[in-house]
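What follows are several structures.
Look for chain A in each of the two complexes below; its partner is chain B in the first and chain C in the second.
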Partner chain A sequence: MSAAHATAPKTPTAPARKPSGFPLGFYRYRNYTIFAFTSIPMAISLACLVIGVGALGQGEEAWQAWLARQATPAFRAVHLFCLAFTLYFAIRFGWVGRKIGAGRIGPLPPPPLPLPLLGIAPIGGFVTVWLVLVVILGGWLS
Partner chain B sequence: MAETKLVKFEVLRFRPESDKEPVFETYEVPCMEDWVVLDALNAIKDDIDPTLSHRWSCRMGVCGSCGMLVNGRPVLTCAAFVRNYSGTIRVEPLSNFPIVRDLVVDLESFIEKIKSVKPWIIRKIEKDAADGEYLQSPEQLEEFKQYSMCINCALCYAACPVLASDPEFVGPAAIALAHRYNLDSRDEGNAERFERLDGHDGVYACSFANECSQVCPKHVDPAMAIQQAKLNDFLQWAKVLPKRSFT
Partner chain C sequence: MKLIHKLEPLWWILFGAGAFVLCFVLPALILGVLVLGDSSLMADGLSYERALRLASNPIGKLFLIVVPTLGFWHCAHHFRHLMLDFFGHAAAPIGAYGGYGLALLGTIVTVSTVLAL
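And then the complex of A and B:
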């Protein structure tokens, strides 16, 4: 770099602008933003579960009270809301997640099944677990 | 004379000597049927307003110079046909980069990031030229070929929502290039690139919006490269993979 270049004043610039349509204006950014938002409903569901485990530790009476509370219309609505976002998370993750598996990972042998198929198993399991949880939490078994 | 159609263009202008912030200016341009947006910008500069600044070079989607936002989406303007747009066409400089003037952005940070991942073949011991070239099979080439198609147009940086909130993120093109060399059977520079890719602003900053791959004009898949680089990075960190090339 020449001395003149090194001492030259930096060209004045206008600040960088955000991507057009981010976070909600353009449908692809909107899909991504909703994907990021799914962490909140999923955290709510997990919090309900943790409280449930706490109630279980406090004995039969606390557990039954917790179950009864989960079966109220308000809690059922919350769980269905959380389920909708969890399903969205699973679908979106299944779509973009196809890219996660490397065709070959260094010296490791390639996996026996095509990678997209390998991706379906954990995603299917994930959705199934959440569905079971919602049924239990919502009191639909009782 | 060939038939023309009057098309309205809104072009973002920024003249640092007089403008406090960028403003849109409108031009009506007589466009021919086969024109691309770059032709219209050149017509504005040649016949309407010679003060307009924009970058371009090859006019055939190879050099990567003419990337801009057209109706909000990052595209190569030499490959964006005017006839494919309806109504007013809005042209802006690439997002996520400071604007130097009009449609010209400051690409210094982009170049530095590309350089930082050492996108060249690194060998521990160079073979003597007399010993011949490094041989590579078609299968070995296929593993990284798509990543070598990058033309450094920076469209992926303009589309990336992570860069919008974390300007230090090394970014899609740089990671795809690093991954390309890490996959190259002739390369031994994995460990040197690991430090850059593993850092806070490296591969793990990516939250997988996938927009980089959507806008790439050469059909490179930087989002895939980043996710695979995450896996390789983790395996290197966990010492499952040696910190060297995969040869």
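And then the complex of A and C:
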């Protein structure tokens, strides 16, 4: 690097600022923000599940008491709130995933399926696994 | 924050893996255990003996370690960026150290809880 180049002043740039309407004033920003916010309800659900595993390890009485506590109105409201955001996260994750296929248009081969199918396929896979897991948890086949 | 930035690929691996795992299992776990766990629908499936049998076999233990652990790291990374989006770079250390610190705590608690089964 030449001395003249090294001492050249940096190009002045404006400080970073949020786009107009961020975070909730425009639907694309809103979707993005809600998607990031899902981390909080999902972490709450995971913590509840780990506490449940702890109760399971403490014996039958603790397990039944923990299960009964989850059915109280306050806990149920929290779980339904978390479930709504978790579903939003999963469906959006699957739907956004179709753009990975779209990104390959160009020098690489185009996606093997129409784009909506590329979005529906992972969501269909998620729903199938959810059903299988609920059936296993419920012991409905045994 | 230098170390946090240096480890960015690690956070991204945990974030991506966590997202993938959560999409596949978390809605079912919330619905099946947290929402319907005490109902008659799940009474047989989540009886103490069966639940303990499911959770304490090697595959069950692996499942119960992998899902919450990756999930916590996923949530931590998303939380870090949520803090950045709302509060700017001033909140970056809180988002990073707070989020990843809680994920580390969650990992330790999860692993010790599951291994104690």
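Please note the rule applied: the second predicted complex is superposed on the first by the 84 of 142 C-alpha atoms of A that agree within 3 Å, B and C clash if a C-alpha of one lies under 4 Å from a C-alpha of the other, contacts with A are read in each partner's own complex, and residues count from 1 in each chain.
Here is the rule we use: a contact is a pair of C-beta atoms (placed from the backbone, for glycine too) under 8 Å apart; a residue touches a chain by one contact, two chains touch by 3 or more.
This structure is a prediction, so every number in the text was calculated from the model and none was measured.
S.K.: If we overlay the two complexes on their shared chain A, which of chain B and chain C does A:Thr13 touch? Say first, second, both or neither.
M.R.: In the superposed model, A:Thr13 contacts chain B only, not chain C.
S.K.: Specify the partner with more touching residues on chain A, choosing between chain B and chain C.
M.R.: The partner that reaches more residues of chain A in the superposed model: C.
S.K.: Just chain B (first), just chain C (second), both, or neither: which does A:Cys82 touch?
M.R.: In the superposed model, A:Cys82 contacts chain C only, not chain B.
S.K.: Should A:Gly52 be classified as contacting the first partner (chain B), the second (chain C), both, or neither?
M.R.: The second partner, chain C, only.
S.K.: Which partner does A:Phe22 contact after superposing on A: first (chain B), second (chain C), both, neither?
M.R.: Both: A:Phe22 reaches chain B and chain C.
S.K.: Now for A:Ala36: first (chain B), second (chain C), both, or neither, which partner does it touch?
M.R.: both
S.K.: Across the two complexes, what residues of chain A are contacted by chain B and by chain C?
M.R.: Chain A residues touching both partners: 22-23, 36.
S.K.: Please output the residues of chain B touching chain A within their complex, sorted ascending.
M.R.: Answer in residue numbers: 14, 16, 19, 21-22, 69, 72-73, 92-93, 95-100, 106, 143, 158-161, 164, 167, 207-211, 214, 221, 223-224, 227-228, 230-232, 235, 240-242, 246.
S.K.: Considering only the defined contacts, which chain A positions touch chain B in the complex?
M.R.: 11-23, 26, 28-29, 32, 36, 96, 99-108
S.K.: Spell out the residues on chain A that touch chain C in their complex, using ranges where they run on.
M.R.: 22-23, 33, 35-40, 42-43, 45-50, 52-54, 56-57, 59-60, 63-64, 67-68, 70-71, 75-76, 79-80, 82-83, 86-87, 89-90, 93-94, 122, 125-126, 129-131, 133-134, 136-140, 142
S.K.: Of all residues in chain C, which touch chain A in the complex?
M.R.: 19, 22-39, 41-42, 44-46, 48, 50-52, 54-55, 64, 67-68, 71-72, 74-79, 81-82, 85-86, 102, 106, 109-110, 113-114, 116-117
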